[in-house]
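In what comes next, chain A is part of two complexes: it sits with chain B in the first one and with chain C in the second one.
Let's look at the complex of A and B:
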């Protein structure tokens, strides 16, 4: 791969100093003159009809300026449910945390007091927590039409994928392996809780909000409030992460806007950490049943998955269970049942469909390899995907190198052994897992103004949820323009000043908005050649709405393999990750510094998912028990291992300088590699995430 | 949170007088109380601040005995040279609490008196600890609940310093309207069968003002071992506070107190007697661990605590006894 001048060199974030010195202004730091504060009253019941709401005592509290309930607010939150009408305030309420009312008052304390003065008469309804229970006859109906969430076409049937003939594939097998796995609801647990400020200027609405995508947030707020898009402005200058739960528009932004309109004053709405855990969304819990057919030489003949995803009561995410696509196999069948339950809502969390599905299939494939007396690394090299779904060639694929070079860097042959081998109470074990993630090209925009002083003003609609997008865009512009990075002035995070951007979801910003930046820079260079440099007050402007043609007959993917070594104390059940190697094919790496941080963050999140995190519910009452950082046992710095990052930089003909996606692949194989390492250490497998001390001591008992 | 008045106490006596007001609550570091007020688990009318009391945050030595003011922060306590060297178990326990921020604010008395962290109680269930008539953990999620001394409530005592203080045979100085009373640490804590709503014998208008540690005997060594579910910021899944008085290789006397297994710091007198006068060998440590778990009565989801506690007792005992 050729070396470039700016792209590919470790570079500090352009806003790093502001962030680390505390001078960056986050939404929570903003205070507007006359601003009111809003708080939300939430359902204490997992499922209940609202007979009556009495606001009289709350309205009488001095300082209360506006109150919204389902009786006076019929705004539909379009992004809150892709199948049903989900209002800002719903009746019946369908989970503990479902919004019942929102109050705006002159200060936080008054707003909170007012929510407690609202008297709600509930008719408590039966509830159901687990998807398989929710699909049984006689289960409480959570949405009209039944608890199996319909497909996009409205059919009440599972999401299906098939190739070949599964029965034929199972018949062709020398051996058939069968097992089941589960993963719980866990929260995105980003650092910054939800806060938004809405301000009206006549009929024009400005919303300050920490969003992953100002453009989709803008379109959707306009849609949900029935406003012309030009009447809405979204601003997000600095934000504190989201991992998928700050994309699109959100109910709290809409509540702030309606409250501000009614009260005639700007409104800041804030959620507590507990509300953030219960009332926004987390990763969907799954139950996965697999059958795998294999020949004695290790060739796969069939993979069958029947899976259930608990969506909570609203269909905010796909509920998909991915992972089997990383194997080449002639006969495949996947049925997934996205199901309504009365638990917290589930939707996107970093690699939405993947880490839980990869945990399932990669645990089983490990067992298959062991049963056939094959090294798990060799087994994966033999069976890894070579074409998407065995049909469509990839534009570039570095998976084999991820596995081979990752294994080498990890010293796999030294660390891996027969499962459970080794004496003494503390046992070491090695495990690996692999994954892939779509890196398709698509629509995004960029504008570059060149002024007479030689500064390039790059307008991009990114916000930087932690990926370093502002810096990445500047690096790409500097590279294409052939100018030093300091000459690029990035303008971001404001729909009045920035063009459309795809949004920092699906790990698409570098590939899509980055591509638009390349195109804009090329256009500007053409203009400079034609018209010369701008003089005086002139600006030279390049505007690009890039819309690359979809690839036909080719698929563009990123690939990854992770290797973990753990130490398991068989007497205390304590697990420590002692070595971790992450090998990534994300094409050319634009900024190795922030890219490495992405990998370390993703791998660490995956370790937490493997070992600790689970939103627990009391079965009798349907109440969540451990919402929040303390209860979720999110990893601390002391728990975080060194993560060695290995770049497999394949040459890809598409994307900005051949860059492919990175952010989400970083978590995909992490829980599975830790699970496989624990199995290798103790010789027993825990099939249900998280792999807690209780479960480890349980299988060893 | 509910509105309340803040008042500063001038001294311990004044604090007690102010706590006599209706619905008044004492606050030391406030690291836990503030969260409980926000969650409406406590709804005080008056917060009586103890931090305004002078000199209650100090360690003083008198004729070998050591007195520790109840308002000393956990961080200061854990760094105090006299405590680290002669009462190691207490320094290590204080050091294991929460996070640096919590240890900088949280006090010794507050840590000893903190309310349970059972998730039913902390989520507002109307349980014994909230003045109700039920323990929801019995048939619910009881992974972290008691295997000893449970019933009718099955909480575990959340304090790290409490087992250490019981192991050190500390005396608690309690101020009340009549003056002061002194209670042996082991008698300060109360099982739920005595009072299911509370964890200790403090009355509403009493405060724990200081802790007296007896003079450390020569050749005494001690340690606190805490099992956490991550490397920091959890309460003990299981912990062991052990004090050994040694004569060369022979254990003259032992005190072993467990945390995380019972509604009070759980002392093991039978095991202590087993060890007295014997060299602590791997075999004896294993026997002690077996004996330690006699009578354990796990619930549906916490049986793992039995082998875990055995391992903790055996290893901690052995490593302390054989420490150079």
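Let's look at the complex of A and C:
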């Protein structure tokens, strides 16, 4: 790979100083004159009809300016459910945390107090928590038409994928392996809670909100409030993470807008941390049943998955279960049932369909390798994907190198042994897992203005959710323009000043918006050659709406393999991760410094998913029990190992300088590699995430 | 179980949102309006403030909403994340879990008080160089815990840094880079003091 001037060198963020001096302004830091504060009242029941709401005492509280309920607000939150009508306030309420009312008052304490003064008379309804129970005849119906969430075409049938003939594949096998796995609902738990400020200026609405995508948030707020798009402005200058739960428009933004309209004053709405855990969304819980057919030489003949995803009562995410596509295999069948339940809503969390699915299939494949007396690394090298679904060639694939070089860096041969070998009480083991993630090209935009002083003003609709996107965009512009990074001034996060961007979801910003930046820089260079440099107050402007033709006959993917070593205390069940290597093919790495942060962060989040995180429910009452950071046992400084990062920089002919997707692949194989390491250490498998001490002691007993 | 109302159950398990089905006892509109307040003296980043605070305000609230020091963040408002960490008389505390009235007469340092005479603290320099902040929302808290650590232990080991900062959650998971940063800053400070000696 050729060396470039600016791209590819570790570079501190262009806004780093703001981030370390407390001067980076997040939405919650803003105060507008005359601003009111809003709080939300939520359902304490998993499923109930609202008989009556009495607002009189709340309305009488001095300082209360506006109250919304389902009786006076019929705004539909379009992005809250892709199948049904989901209102801002619903009757019946369908999960503990469903919004019942929102109050705006002169200060937050008054608003909070007012929510306590609202009396709601509920008719409690039967509820159901687990997807498989929800699909049984006679289960409480959560949405009209049944609890199996319909497909995009409206059919009440599972999501299906097939190639070959699964029965034939199973018949062709020497051995068939079968097992089942589960993963719980876990929360995104981004550190910045939900807060938005809505302000009306006549009929024009400005919303300050921590969003992952100003453009889609803009279009969707306009849609949901029935406003012309030019009547809406979205601003997000700094935001404190989201991992998938701050993309598109959200109910809190709409609530703030409607409250502000009714109260005739700007409104800042704040959700508590508990609300963030219960009332927004987390990763969908799954139950996965697999059958795998294999020949004695280790060749796969069939993979079958029947999976259930608990979506909560609204279909906000796909509910997909991915992972089997990392294997080549002639006969494959996947049926997934996205199902309504009365638990918290489920939707995107970093690599939405992947880490839980990869945990299932990679646990089973590990067992298959052991049963065939094959080294798990060799087994994966033999069976890993070479073409997407065995049909479509990849534009570039570094998976084999991720596995080989990752294993080498990890010292796999030294650390790995027969499962359970070694004497206790503290046992060591090694495990690995692999993954892939789409890195397709698509629509995005960029504008570059060159002024007479030689500064390039780069307008991009990114918000930088922590990935370093602003810096990445600046590096790409500097490289293509052939100017030093300091010459680039980035303008971001404001729909009045920035063009369309795809949104920081699907890890698409570098490939898609980055591509638009390259195209805009090329256009500007052409203009400079033609028209010369701008003089006086002139600007030379390049505007690009890049919409690269979809690849035909090729697929563009990133690849990854992670390796973990653990120590398991067989007396207490305690697990410590002692070595971790993450090998990534994300094409060319634009900024190795911030990219390394991404990998470390994703792997860390995955280790937490493997060992700790789960939103627990009381089965009898349907109440969530452990919302919050302590309850979720989010990984801390003390729990986190050193994560070694290895770049496998394949040459890819597409994308900005050959860059592929990175943010989400970082979590994909992490829970599975830790699970496989635990199995290697103790010789027993825990099939249900998280792999807690009790479960480890349980399988050892 | 059937004797416990659902509302009480929700509150009792700590899972309750702001949610009740009956009005609170003895709560009248009037009582709510007349909130007790107290005058306190706070020294914040070297400046003395005399403030009339409501007794229910937390230190975090006063710093952010009433003194405009928004560098300290509120991630949970319940003592679980560390985003609100400040130094109270030199010790790192969660400012969301301190009432402002408790800080009467005491000294507070926030992230805004780290840079001296326009010069960044070596910790801030190291955070920039080692890419400590991703989203940056936990960063002020990480900095203040690191500051407290280096104040009483100028030469920490990796494990001591981890232990000293373990009350500061980073969901972006950038712990490795934060620890690296603190060790680098400790090395810089040590080199500086050797030069001065």
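Throughout what follows, the second predicted complex is superposed on the first by the 701 of 701 C-alpha atoms of A that agree within 3 Å, B and C clash if a C-alpha of one lies under 4 Å from a C-alpha of the other, contacts with A are read in each partner's own complex, and residues count from 1 in each chain.
In the analysis below, contacts are C-beta pairs under 8 Å (C-beta built on N, C-alpha and C of every residue); 3 or more make two chains touch, one makes a residue touch a chain.
What you are looking at is a predicted structure, and each value in this text was computed from that prediction instead of being measured.
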Touching partner for A:105 - first (chain B), second (chain C), both, neither: neither
First (chain B), second (chain C), both or neither touched by A:701: first
Partner chain(s) touched by A:561 [first = chain B, second = chain C, both, neither]: neither
Chain A residues touched - chain C or chain B, whichever exceeds: C
Touching partner for A:574 - first (chain B), second (chain C), both, neither: first
Touched partner set for A:638, first chain B, second chain C, both or neither: both
Chain B versus chain C as contact partner of A:620, first or second or both or neither: both
Chain B versus chain C as contact partner of A:630, first or second or both or neither: both
Chain B versus chain C as contact partner of A:234, first or second or both or neither: neither
Which of chain B and chain C A:603 touches, first, second, both or neither: second
On chain A, the residue positions that both chain B and chain C contact, one per complex: 109, 112-113, 116, 272, 618, 620-621, 623-626, 630, 635-636, 638
Chain B residues within the chain A interface of the complex: 1-3, 38, 40, 119-120, 123, 125, 136, 139-141, 143, 227, 229-234, 237, 301-304, 307-308, 310-312, 315
Interface residues, chain A side, partner chain B - complex: 109, 112-113, 116, 272, 425, 571-574, 612, 616, 618-621, 623-626, 630-631, 633, 635-636, 638-639, 692-694, 697-698, 701
Chain A-facing residues of chain C, complex: 1, 6-7, 9-10, 13-24, 27, 29, 32-33, 35, 54, 56, 64-65, 69-78, 80-81, 83, 110-112, 114-115, 120, 124, 127-129, 131-140, 143, 161-163, 165-179
Chain A residues within the chain C interface of the complex: 12-13, 16-17, 19-26, 28-29, 31, 39-45, 57, 60-63, 96-97, 100, 109-110, 112-113, 115-122, 124, 188-193, 238-241, 243, 272-275, 278-279, 465-468, 593-594, 596-598, 600-605, 618, 620-621, 623-630, 634-638, 640, 642-643
